[in-house]
Amino acid sequence: MPLEQLRAYKPALTKLPDFDAFWSESLEELAQVPLRYERTPFPYPVKGLKVYRMFYEGFNHSRIEAWLALPESSQPLPGIVQYHGYNWAWDNQLLDTVNLALKGYAVLQMICRGQQSESVDNVVSSNGHVAGWMSKGILNPREYYYRAVYMDSVRALEVLRDLPEVDGDRIGVTGGSQGGALTLAAAALSDIPKLALSDYPYLSHFERAIDVAPAGPYGELNEYFRRHSSDPRIEERAKETLSYFDIMNLAPRIACRTWIGIGLIDEITPPSTVFAVYNHLSCEKEIGVYRYFGHEHIPAAIIPRLQLMQDVLGS
Amino acid sequence: MPLEQLRAYKPALTKLPDFDAFWSESLEELAQVPLRYERTPFPYPVKGLKVYRMFYEGFNHSRIEAWLALPESSQPLPGIVQYHGYNWAWDNQLLDTVNLALKGYAVLQMICRGQQSESVDNVVSSNGHVAGWMSKGILNPREYYYRAVYMDSVRALEVLRDLPEVDGDRIGVTGGSQGGALTLAAAALSDIPKLALSDYPYLSHFERAIDVAPAGPYGELNEYFRRHSSDPRIEERAKETLSYFDIMNLAPRIACRTWIGIGLIDEITPPSTVFAVYNHLSCEKEIGVYRYFGHEHIPAAIIPRLQLMQDVLGS
Amino acid sequence: MPLEQLRAYKPALTKLPDFDAFWSESLEELAQVPLRYERTPFPYPVKGLKVYRMFYEGFNHSRIEAWLALPESSQPLPGIVQYHGYNWAWDNQLLDTVNLALKGYAVLQMICRGQQSESVDNVVSSNGHVAGWMSKGILNPREYYYRAVYMDSVRALEVLRDLPEVDGDRIGVTGGSQGGALTLAAAALSDIPKLALSDYPYLSHFERAIDVAPAGPYGELNEYFRRHSSDPRIEERAKETLSYFDIMNLAPRIACRTWIGIGLIDEITPPSTVFAVYNHLSCEKEIGVYRYFGHEHIPAAIIPRLQLMQDVLGS
Amino acid sequence: MPLEQLRAYKPALTKLPDFDAFWSESLEELAQVPLRYERTPFPYPVKGLKVYRMFYEGFNHSRIEAWLALPESSQPLPGIVQYHGYNWAWDNQLLDTVNLALKGYAVLQMICRGQQSESVDNVVSSNGHVAGWMSKGILNPREYYYRAVYMDSVRALEVLRDLPEVDGDRIGVTGGSQGGALTLAAAALSDIPKLALSDYPYLSHFERAIDVAPAGPYGELNEYFRRHSSDPRIEERAKETLSYFDIMNLAPRIACRTWIGIGLIDEITPPSTVFAVYNHLSCEKEIGVYRYFGHEHIPAAIIPRLQLMQDVLGS
Amino acid sequence: MPLEQLRAYKPALTKLPDFDAFWSESLEELAQVPLRYERTPFPYPVKGLKVYRMFYEGFNHSRIEAWLALPESSQPLPGIVQYHGYNWAWDNQLLDTVNLALKGYAVLQMICRGQQSESVDNVVSSNGHVAGWMSKGILNPREYYYRAVYMDSVRALEVLRDLPEVDGDRIGVTGGSQGGALTLAAAALSDIPKLALSDYPYLSHFERAIDVAPAGPYGELNEYFRRHSSDPRIEERAKETLSYFDIMNLAPRIACRTWIGIGLIDEITPPSTVFAVYNHLSCEKEIGVYRYFGHEHIPAAIIPRLQLMQDVLGS
Amino acid sequence: MPLEQLRAYKPALTKLPDFDAFWSESLEELAQVPLRYERTPFPYPVKGLKVYRMFYEGFNHSRIEAWLALPESSQPLPGIVQYHGYNWAWDNQLLDTVNLALKGYAVLQMICRGQQSESVDNVVSSNGHVAGWMSKGILNPREYYYRAVYMDSVRALEVLRDLPEVDGDRIGVTGGSQGGALTLAAAALSDIPKLALSDYPYLSHFERAIDVAPAGPYGELNEYFRRHSSDPRIEERAKETLSYFDIMNLAPRIACRTWIGIGLIDEITPPSTVFAVYNHLSCEKEIGVYRYFGHEHIPAAIIPRLQLMQDVLGS
């Protein structure tokens, strides 16, 4: 799709009538979970910085791992929650957290449940799924994997805001790919963030993604449908479930300032699926378009993002 | 490794002192689960055959899906439990079950928990894992994914034996790859099977598999270790866990007649890992070696397997 | 091509004026070959089933190998001729034959001449060809490889009908890919079949196949044309030859009930080439469309095919 | 295999007792075919050169296509027969022939029967084979494809010698890959050549080639054996057939001056298979070893080959 | 793009107002370099041919390597300058030169500066570049790599014309890919050539090439732009530089007879970029279109090219 | 090579007698170039940090681009020079520089001449080369590309030491791949560095690298040799040139504390080539070995490197 078409591409939303009710209930269920967390100092050989390994109580009372880095400061700090990419967590997942904290922010990185490390994925699904997490619980929105993850993402914001070192009125969210989706989901489902910086967000415009990106992680959905070809109702039910989690459907709920970045040769989160989100945003927004980049680190996006952090959150 | 070396390749077992105790406890835990199952006729357009969709209560009281096919017979039937390959279940997973049943056997195919379809994977792991199931719960043998699956495999045998149409003294187990591993695990952990037919078994000789087969599903382990490189104790603990589930360590427990097939250009379950199992078997045994085959359907293995079924189980 | 377009896609036929005359002559030439065959019992370790290795006299008096499997029955059996895929024969090519026979059919599988095994390819071509069979004899319809194969396919039906165990009024044909093409060719050129079940048929709508599927076996044609680029008349002559064998051109001759299956991501026999055949069928017909499948085993197609066999042929 | 090992690598010959008798009979059978050929001028826009399209009567009375190029000369010309690579013929296969002729030689290029173009492959095999020619007739040395091709190669020499423009005492043979094998076969089976220039010869040391080069054209043999895995006698018979055609076994018969070229990263005709031939040569011989080349055009080999032609054949 | 569209495809030229002035200045700068060359006999084992290694003074007084081959002749010879492909020079780059000379031409092959061998690339660029030569000096037309190469190409013609053995009124230019571009550039910038034979010319219609051929050598430009994404003026400046060198923009300057060859599946120099040049030619012209060929040797193009040489240049 | 062998792998050095003289002369030549640099503030949206774009006069008076980042500090800062990977520079190459500076170091990143960006590669080579820089000037050590780059690397240290904000006694060097090689080269050729941190260094043990890593950038050498196969003296001369630049030969000159990191599945800079360097170091040294990593970011290496910086340089 050429850029001009992308700029105008705004497919119809696919949300069902109870879309908002579903999320209200989910947030209420989250609210039942007490705000609890613990942090342990983690020795890190850099002066002027405190690093903590953290666990907080997430959705369904799960134990969620996070990393926290705080620059020394006599003032309350602006804060940022980071979300990592799909299947992209490592032990000592500290590098980005530390590097961003050193720029003057209290940074908390949530580790997605089940994806390596120690966050516990405690929602048992009534169905099997394709290897990976994309189809886990897909036959029931209440069991779908990302319901818990979206709620964990909101809770991460609540934890960060609760820290004594943090100025709760200056909090942002950021991440790329799955992290970019969680960034937007958190901005849609929580009023804490004042800024959302989302690199090539995933989990968006599923209907099209299945057609144009079967070779990437969206392809887990293709594989799921493929393995349930005998009964067309399975695919229908799964697509209904996905509609609740489609970032495109959540986009209109976002109120804070939002920046999205996308490379025009991205084959993992194709530009059309990203513009579909962007064009449904009604908040103050910008999009960074990178002609020669795919789903990868984009150097030219660094300064604009840092500038926005500084402008909106201070530092 | 040339064939002559393979025939002599017998690496030291890696089992820990409480290996047998671990399995005794696990079997006792399974024994606490009542033998419960239900079957629903599934319309299948073939005369002389009854097909059922089945659910039984598996390890940890999980709901396990299975398929059952019974040829019409006035006599008690010999029975066979089938186990499918890793990440290789489909809806209406009937084809092999039906085709084997038509050869005169009561055939029950277990669907591995969590792997598509409807078997419920209800063991919550305290840790995250790599996409797939190979590292789920890997830091604790009691939480490891395959503990439940091995026990479900034993229970499948108990279910089949319990059926009124089946002659419980003439039951075999079969499968390829993951299914080949479950075949051998079931034969090692249950005294029901009189015959085990295992095509290129997986889950064997992990220490070597990690070195020689990182491009296949064993590579999930490499990926797990890779993502936990900061702390060498993680890899140690994971390998301890794996030792309980290594088919090579279970091999000496197998008492029934056993046949194993392996292709010499198999890169998924390399021949050395398979001979490591075979050479540790002390039961009556044979191995089918196929010079020009990899991890795939091997036509020349069909008749020998059918012949063994007929010879050992009757039909 | 989106599905809606496929359903309406009906390119003009490419047959030349003497198309029907060509096939009449070919059938007459076949009729000159006496109906001769022999069968030898082949030991197969399954009760209630007789398996035979068979040779029959095919087109040009060639010796054609086949496999025959007959379930025990006191009644005349419905019969099915199976045709295998291109370059896809093996020794002891029995599995599918046996498995179908056990469902209540007398099944005969023809081995295509020259393609491994023992069927003799005795038509000498005046020209060389690309490795493979697609361009063998392509400069002359009377020498083209598939002329003999189509006639062998018809003869296979005559042999099956001639067997004392078979009810000649209840015979079907089936196969996938090349086998799917032979299925339709046999149904077009013989009045024996009452049912044709064709998975993703090959050898259809060559003009388009050359453009859209050069990476698969159709690409032998591209390679042939490529190697004869100096003289455009060669490509013209070759395409004229192909027109006689294009299943699309044979489609209107089919009178029996016909089912075709196709996956929408099939890159070997692209959906457009298959719908081109289907949309030219004037018989009673159905098409199974599988959104997430390529040129491969399609589990969801099994039951519909078995159901049709039972409905049309009985069992 | 490091170069020092290659230089000493001399595996045992595999020829059977009737090896020489087999070739004597074959040559006698060839001698029954009358020496017949025709040539038609082929317009070629280069002065001082005559080009002809040629057909000669080959083994089994087949019609073999060839190209002939003759530089204008008042003297009898030295002559060279060229053989092309496996599956590597094109229409107007003139380029190499013309370019060599312009260097002062009467050049005749034989087109291998069946491999594109118009040479007729008229030996009917009693068995099927893998796509390609490597296993055609492989169960019987008298039916094997290369028996006819080797004999056609000898006949090409007889034709060239018979031309009035040619000095029959100054004839050489050359080619690469399959052409390199035919070069050596012709030098072994005919006393006409005074010089053999063979680039990376194919068809040599089959036993090892099957093990180390299954991804190239030798892999047709692997595929053949793979498809006949049920009965080990098939592979034995096929290997017996191959022993008659193994260039390594023919090498000791070569009497003329011989040059062989081989690249050390050749994966199609691995260096070990080529040194196996070279080390069995007892004639005057040289080998060009190219460290950084595979199965491809090797610029550094051009001048040495031309120099040898000039030295041995004159020009 | 289908062939009919290609035949009509004539995108707007992109040249800037000082385009012709730029080239006049460049040619004047070249004219300041004295016509100097030396040749050393190179022993080559072919009678009737003289081969020389040559060095001439190129643009910016660089030392440019060339090969010269002259057939023995008592008459002045028609001459041809050959240009090789991008990154495609070898030591003893003689084969094509010798083979063409033997057809009756004085042939000089220029080795592109810097691309292996011994031509000295002596223009120092003020900027870095992507590995390769495509972006060397790209921010300034006076520094751009191809400015010197185009001028060296013109000088090669002047050298050839200056040779006593050559008839300066019968000189042609030829080459493929980069060599095809230099062929056309030389024909546009020098009035020496009477014939230009260009196989699949490179360096044409850059704007489109970047979009459709990023996987080939044009992709060096994509990579350059990609690495300079922060400042859009860089890409603008680079594209301005490229406009001076775009063969499409030079096409209207060509006055001599011109033949271009292109394969329709060429992915290196896509047909649309080649037709863009062709359709802007106003000289006497022909195009050879090869349906089944990519960026490779095209046998069917040989005779037409030789015929044109003979017709236009004599031989 | 298994790890135990690697730990003992110490091939003979390949340096020629004038090795040290060569470098003394080169350093003297560098000393002739005045220490000159300029810096321009570069706006960067992070508080407490100053960023500059810098140019300094490098070897042969070239203009070398660099980036400089300085944390605010009232004390002289420890300093670090960073070198980037081969062919791995980007515009605004700031990310690593900024992130390291924020940890308390004055960081200067040198951009390698010619490799994108604006460092001028002003050594004209008398020979052509393979695309890339590995063979530029390879026939003469004084012209070889890396001579200038090694000297630029030393000069970068001199520039950093000269800055008023920097404590010249606490300077380190770091980089990965090519940057790891420059790190070690700078530590061998300058006494400024007190610490060298080198990730998987490139440019080491060329003789072996050519054999085991032809698919990576070392393969430019293979390609160069390949294209100069006619004259073996070319390869000899090139290897002599390389011996001056082989990090293995420079290793014994390093006196400062040195850490090297290497992944055991690194196919770009194979572990054996890295251990060859390490085992020739006579300074205080450590090696980080990562079993499951290739030539890529290694999370587990971050903290050890930062710890060493803090321990040796302070921060």
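Just so it is clear, A, B, C, D, E and F label the chains in written order, and each chain counts residues from 1 on its own.
As a convention for this text, a residue touches a chain if its C-beta (ideal position, glycine included) is under 8 Å from a C-beta of that chain, and two chains touch if they have at least 3 such contacts.
Chain labels with UniProt names: A, B, C, D, E, F = Cephalosporin deacetylase.
Since the model is a prediction, treat every value here as computed from it, not as a measurement.
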Chains touching subunit A and subunit C alike, please list them. B, E
Any chain in contact with subunit B as well as subunit F: A, D
Name the chain whose C-alpha centroid is most distant from the C-alpha centroid of subunit A. D
Where the CA atoms of subunit D average out and where those of subunit E average out, how many Å apart are those spots? 38
Distance between subunit D and subunit F based on Cα centroids, please, to the nearest Å. 52
Of all residues in subunit D, which are in touch with two or more distinct other chains? 90-92, 229-230, 299-300, 303
Just spell out which pairs of chains touch, all of them. A-B, A-C, A-E, A-F, B-C, B-D, B-F, C-D, C-E, D-E, D-F, E-F
What residues of subunit A sit close enough to touch subunit E in their complex? 290-293, 298-300, 303
So in the complex, the part of subunit B that touches subunit C is made up of which residues? 44-48, 90-95, 99, 102-104, 299-300, 302-303, 306-307, 309-311, 315
Can you tell me which positions in subunit E touch subunit F when the two form their complex? 63, 87, 89-92, 111-122, 124-133, 224, 227-231, 234
Contact residues on subunit F for subunit D in the complex? 222-223, 225-226, 229-230
